[in-house]
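What follows is a set of structures for review.
Each of the two complexes below includes subunit A, the first together with subunit B, the second together with subunit C.
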Partner chain A sequence: MNFFQPTTLPQLAQCLAEQAGPGCHLIAGCTDFLPQRNGTPWDARALISLVNLAELGQIRQENGLVSLGATCTHTQVEGHPLVRQYFPALAQACGSVGSTQIRNRGTVGGNVGNASPAGDLYPVLLVLGARGVVLSGNQAVRRLPMEQLVLPQGALALEPDEAIIAFELPVPSPGNLNAFVKLGERTHVTIAKISLSASLTLHEGRMEQVRLALGAVARRAFLSSSSSALEGKSLSKALLPELFDALSREVAASIPDRPSMPYKRQAVRGLADDLLSALLHQARDVSQQP
Partner chain B sequence: MDYQYIGKDIPVNDSRAKACGQLLYAADLHLSGMLYMKLFLSPVAHGIVRSLDVSKALALPGVVTVLSYENTPDVTYNRGRVRATEEAPDQETLFSRHVRFVGDRIAAVVAETPELAQKAVSLIQADIQPLLPLLTPDQALAQDARSIHEKDGVVRLPQIGYGDYASAQGEEFSHHTSSQRVSHIAMEPHCTVADYKPASDRMTVWTATQSVFGARSAIASILGMPMSHIRVIKTPMGGSFGCKQEMVLEPLAACAAKMTGRPVMLRFSRSEVMLCTMLKHPLDSHIKVKFSPQRTITGLQLSCRLDAGAYQTVSPDYADAISKKLSWVYNIPNVEYHAVSVCTNTPVSGSYRGWGGPECALIMENMMNAAARRFVMDPIELRLRNILPPYATSRINNFSLGNLPLEDALLLGRDRFGWEARKERLARQDRSGRYLRGIGMALATHTSGYFPRRGDWGTVVVKMEEDGSVHVNCNVHDHGCGEVIVFRSIVAEVLSISPDLVDLPEGDTAYNALDNGCYTSRSIYVLGRAILDASNLLLEQLKRNGSQLLGCRPEDLSHRDGALFVTKQPQRRCTYSQIAYYVADKGTEALFVSHTHVPISNPGPAAAHFAEVEVDTYTGLCRLVDYLAVHDVGKALNPALCRGQVGSALQQGLGLVFCEELKLDPKTGRAMNADMQHYHVARACDFSKIDTLFIEKPDEEGPFGAKSVGEACYVPVAPALIAAVNNALELELSDLPLDPPRILAALARKEREKEAVTP
Partner chain C sequence: MIINFVLNGRPVSRDLLPQRRLIDVLREDFCLTGAKESCGEGECGACTVLLDGRAVHSCLVLAGQLEGHAVTTIEGMAENGELDVIQNAFVEHVAIQCGFCTPGMIMSAKGLLLQNPDPSEEEIRIALSGNICRCSGYAQIVAAVQDAAKRLREVGKA
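Right, the complex of A and B next:
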C-alpha cells in the first residue's frame, strides 16, 4: 500500500490523476474510514491524506462567500467567528456531530463525502445554498450545488479522480435566520434519527424564502415541502401544530415501510418545537442587535 | 474508630498503569510462536450441518489447522459449572453439528495472524439443512423445545416457597413485568491465551475470568487432563458484570493450543461478545399479591419464565436464585414461586450482575409501586408497612439477614431526596406542556456471600519479607472495580504499613488454594475477612517474636507504621524488618500465615434508590434529573470505589430501562444490532448528579463491618427509574425497555382511552 501526503493542490491533483481508482481512498480525520474497516482484511491500495494541505483547513470570507476548507474539523467550524456570525445552523450541526473526540478529528469534507443518510452537515449546507468545490486530477476545479454533489440515492456524484476541497456558502442577507435541530440531541453521540435544518429571511415580521431540509428519513437529506407551513407567516410557537402536521405527513410518505416510521412521524413534533424555539431565540438576538 | 487506610478514598491500584497504557490485558500478551483463533459461526438459527468443507481454509498459507465438531472432543458440558460435581444440564459441546442459534460454533480456524484466520473463516463452506427455528419461549414451550435439545430443553423448577398462598386473606393485586435481552458491555471484550507444551503435557491459560478454578475444571474435564497439569492465571479485567464468569473461551483456546502444540489467542470482537458469550435473560413474570386492609402483604404468588437461549447453561439456577430473594425485603407470610427456563433458538442467556436479584426487585418493586398507586398511598409508606425488621430471618433457606436497616434506608433517603417537597412541586406542575417530571423509588437488598449454601470459604497466605513489606496470596478476581486496593488496605490497616508495601496478585491456580471465584458479591465479605484474620495472625506472630527481641510480653506491645514498641515505653521499639531478620536468624519458623475463613452469616445490604426523571412527551426521550442511592454497606472500606460501583450500576440500569436491547429478526433470529453503533447504551452525558448516602452500621462478621455493594447497587435501579416515568406520565408501564417509541405509543394509547371516555 502507498501513502501520499500532498501539501499543495497541484500535488493533490497529481496524486488523484495517478492513483485514483478501486482501492484508493482519500482520508482526513479517519473517524469513519477506520471504523468501517474494523475487523475486515485491509483493502486499501493507496491512501491520499488531505491533512497536510494547509489551505484545506481554512475558513475565510471573500466576494460575498464564506469558504470552508474540506479538512476543517467540526470543532474548528463550530467555534469559528464567521460561522457563528452567519451560520448558527452550521455551528449547531457541527457541535452535535458524534462525541468531542470525533468532532476534534472528523472533518466537514468527510462528513459530506461519506454521504451517510444521517450525516448532519449535508442538509445544513443544502438549506444555506452552499456549493461544493471539487478538484480533479487534471487540476480543473468545478463547483457543484449540494443537490448535485450528492446523488438522491446517497452516493457522491464525483469521478474517481475528484476530491472535495471546500464548500462555499453565500453570506446570508440581513434578516436571515438559520437553525439546525436533531432528535435526541440531549443524548450526545447519537446518530441523527431525524434532523431538521432551516434557513429563512425575516422580513417585517414575516418569514420569507423559507428552506427546510429533513435528514435521515431518506437515502439523502432533502428540501422539505413543509416550508409552506412557515412561508409568509409570522414566527411564533402557534405554528407548531401546522408545522408538525406537515412534517409528519412528509416523514410518513418518505419512509412508509420502515419500522421506525410510526415513531418518527410522531417524534418529529419535538423537532418542530425545537426548531421554532431556536428560530425565535435567534430572532430575539437579531432584534436586540444595535 | 480512627483508621489509617480504611474508609479513605485510595485510588484503584492499577489506575496509573491503565492511564499509562502499561497494564497488560490478555489481548496484550504476545507469546513466541503464538497463533490466532477465529470462530466460524452458524448463519442460521436452527439446522444440522450436512457437510463442512474446510479445504479452502486449510489451503490458505498461514493457516495451521481448522477445528470443528469433526476433530475435537464431543464432551458435553455446562459453561456455567464451576465445580465438576455441580448438577447442571450438559448440552453444549466445543463445536456443534446441530446448530441452535445464529452464532453457534461450527468450526474455528487457527492461523499465524488474526487477519489470516479471519480470511480463512470466510472460506469455510457449510451445507446446513435448516430446521424450524423456535425463536420465542411460546414457540418453544409448544413442543417442549424438543427439537432444540432431547433433554432439558425446558426446565420447570419444582414449586418453591412456604405457607399457603391460596389460604392467604386479602385483596388480590396482579401485576406483570417483562424485560429484554441486553449485553453487559464490559469495556474489555473477551480474550483468552492458552499455551500448551506437548513434551510435558502442561497447559497455561491467561484469561480475564471470574473463576480460575472454574476455568481449570472445565478444561480438565473437556480435554481429559489432570488438574495439576493445567495452570489458569487471571489477567487484568476491563469489567465483567457476569459476562466473564462462565467458561466460554477458555476450553476453546485450550483445545486449539493442545491440537497445535503452540500458544493460541482467542479474542472476541464486540459483536462476538454480544452474540457468542451470554446476555441478560429475557424475562416474563406474573405476580399476584394479597394485601390486608392495612395494606400489609399476606401472600405472594409469582411465576417467572426465563428465555435461556440455545443452551440452558446457568438458567435453571438463575430462575431458582430469583426465588431466594423473595423473602429478603418484605415480611410475606405465604410465598409460592413457579419458574420455567425455556431454550429457544436465540443467543445464550446467562450470568448478569445481581443473579436474579435485579429480576426479583424489578418484579417486586414494580408491583409495590403499582400497588401504591392503586391504593393511592405513598410508595415509601406502603413499604414501611411491609419491610422486615433488622435481624429478621429469611424464610427461604432460613438464615439471618443481619442488621438489615431497611427502615433507615427508606427514612434517610426520603429526607435526603426531599421526597415530600418534590412530590408537592410535581403535583403543581403544568401537565399540558411538553415536558413532564416524575419521581420514583425502589427498595432492595442482596447477598454478601453464598452462606448458607456450602462451599464458601476463603484461604489466604500472608507472608512478610525481610524489609517489612508483605505478600498476600489469595484467589482474588478484581473486575476492574478495585477490590485489590481494598484488600491491600485491609492488610495495611491491620499491620499499620502503607498499602503500597502490600503485594496482592490475583487468581492463579498454581499458587492459590481451591476457591470458587468471584461470585455473589462475596469478595469483600468472605475474602476480605479471610485477609483481615490472616493479617491479624501475622501481627500476632510479629508480636510474639518482637517480644523476644525486646524482652517483654507480647501483650505489652503496640504497633504503628511498620514497627512494634512497648506501649508504656515507646522508645523500646523494633521495626518489622528487624523482626524479619531476627526470625530468619533464629531459623525455627518463617514469617507467614496460612488461614482459611468460613463465613457463618450472609447479611443483606439494604439499598433504597430515588430518582427524578423528565419525559419529553413529544419525542418519548427520558432524562434523568436527579438520583439518590442510599446504601447500607456496613462500612465503606473505600468510599470512592463504593460510589464508583453505584455510578456503574446506574449506567447499566439506565440502559436496561431506556435504551438497551439486543434485537433479533423475528423471522431469522439474526441479531440486528450487535455492535456499538446500533446498540445504544447510556453515556456519561445521560447522567444527572448522583448522590450517594452510605449507612455504616457495622456487620458483625464482615471486615471492619463491611457488607457487599457491587451487585446490590444495581438491584433497585431499574424499578426506581420505571416508577419515576410512570409517576411523570400517570401510566403503568412495566415492559422494558421504555424506549422512545414505546413511550410515545403508550401516551397515544392513553390519549385514545381518554377520548373514548369523554365523548
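Right, the complex of A and C next:
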C-alpha cells in the first residue's frame, strides 16, 4: 500500500490524477474511515492523507466569504472567532459532533464527504448557502452549491479524482440569525435522530429569507418548505404550534414508509421548540449589541 | 516508512506501516499498554492519548499521520517516579474501580485542563462524555478532576 501526504494543492492534484480509482481513499481525521474498516480485510491500495496541507486547515474571511478549509477540525471550527461571530449554527453543530476526542480529530470535509444522512454539518451549510470548493486531478477548481455536492440518495457527487478542499460561506447580512438543534439518544456523544437548522434575517422585527433544513430524516438533509410557517412573521414562541404542524406534516410526507416516521413526526415538536428558543436567545443578544 | 515523532517527551524514530493504528504501535512496538482498546471505533475513550496536547482516540489515528507530532500516553504523566496531580487526585478520590477506563479518563482530563484550567462541572462532564466507565464511578471521577484543577491552579501550572 502507498501512503501519500501532499503538502501543496499541485501535489494533491498530482496524487489524485495518478492514484484515484478503486482502492484509493482520501483520509483526514480517520474518525469514520477506521471504524468502517474494523473487522474487514484491508482494502486500500493507496491512502492520500490531506492533513499536511496547511492551506486546508485554515479559516479566513475575504471578499464577503468565510472559507473553511476541509481539514479544519470540529474543535477548531467551533472555537473560531469568525464562526462564533457569523455562524452560531455551525459552532453549535461542530460542538455537538461526537466526543471531545472525535471533535479534536474529525474534520468538516470528512463530515460532509462521508455524506451520512445524520451528518450534522451538511444541513447547516445548506441553510447558510455554502458552496463546496472541489479540486480535481487536472488542477481545475470548481465550486458546487451544497445541494449539488451531495446527491439526493446521500452520496458525494464527485468524480474519483476530485477532493473537497474547502467550504465557502457568504458573510451573513446584518440581522441574520442562524441556529442548529438536534435530538439524539443522549445529550452528548450522540448521532442525530433528527436535526433542524435555520438561517433567517430579522428585518423590522419580522423574519425574512427564512431557510430551514431537516437532517437525519431522508437519505440527504433537505431544505424544508416549513420555512413558510415563519416567513414574514415576528419571532416568538407563539409560532410553535404552526411550525410544529408544518414540520410534522413534512416529515410524515417525506418518509411515509419508514418505521421511524411516527416517532420523528412527533419528535420534531421538541426540535421546533428548541429552535425557536435558540433564535429568540440570539435575537436578544443581537438587539443588545451597540 | 520511517516515522519520526515525539513520544512522552522523547523523540523516537521507527519504521512503521503507515496504515497501523497508533494504539497498536503504542502497545506492540513500545510496550506502552496503558491505553486500552475496547470498542475500536471511538465510542468508549479507553484508548485516549494526547496528540499535540489534545485528547484523541489512539484507535483512530494512523501511524502514517504521526510524523512531526507529539504523543503523550498515561505512561508519560508521572515525572521522576512521582504521579501527576491528576493521577494522585484519582487515587485520593477513589475514582478507580476496575481501572480499565482510568488511563483514558486521565488523558481526557489532562487534555481539558491544558485548554481550560478552571472548568465548571458541566465542562468537565462534557470533556469526559466520550469516556465510558462501566463501574459507574462518574461522581468520584468528576470530583477528582475538579480537585486536580484546583490544585494545579494553586501551583500555577495546568
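Operating definition for what follows: the second predicted complex is superposed on the first by the 287 of 290 C-alpha atoms of A that agree within 3 Å, B and C clash if a C-alpha of one lies under 4 Å from a C-alpha of the other, contacts with A are read in each partner's own complex, and residues count from 1 in each chain.
The rule we apply is simple: a residue touches a chain if its C-beta (ideal position, glycine included) is under 8 Å from a C-beta of that chain, and two chains touch if they have at least 3 such contacts.
Since we're looking at a predicted model, the values are computed, not measured.
Taken together in the superposed arrangement on subunit A, subunit B and subunit C clash.
By the touch criterion defined above, A:L196 lies against neither subunit B nor subunit C after alignment on the C-alpha atoms of chain A. In the superposed model, A:W42 makes contact with both subunit B and subunit C. In the superposition on chain A, contact of A:L121 is made with neither subunit B nor subunit C.
By the touch criterion defined above, A:Q101 lies against subunit C but remains apart from subunit B after alignment on the C-alpha atoms of chain A. In the superposition on chain A, contact is made by A:G270 with subunit B only, not with subunit C. Shared interface residues of subunit A (contacting subunit B in one complex, subunit C in the other): 35, 42, 188-189.
Taken together, the subunit C residues at the contact with subunit A in this complex read 1, 17-19, 21, 40-43, 45, 48, 51, 54-57, 59-62, 64-65, 67, 108, 111-112, 125-127, 129-131. Chain contact summary for the complex, subunit A toward subunit B: residues 35, 39-42, 183-184, 186-191, 260, 262-263, 266-267, 269-271, 273.
Across the complex, subunit C is touched by residues 1, 3, 5, 27, 29-31, 34-35, 38, 42, 44, 47, 49, 51, 75, 98-102, 104-105, 188-189 of subunit A. In the complex of the two chains, the subunit B residues touching subunit A come out as 115, 118-119, 269, 271, 434, 616, 618-621, 623, 677, 680, 683, 685-686, 740-741, 744-745, 748.
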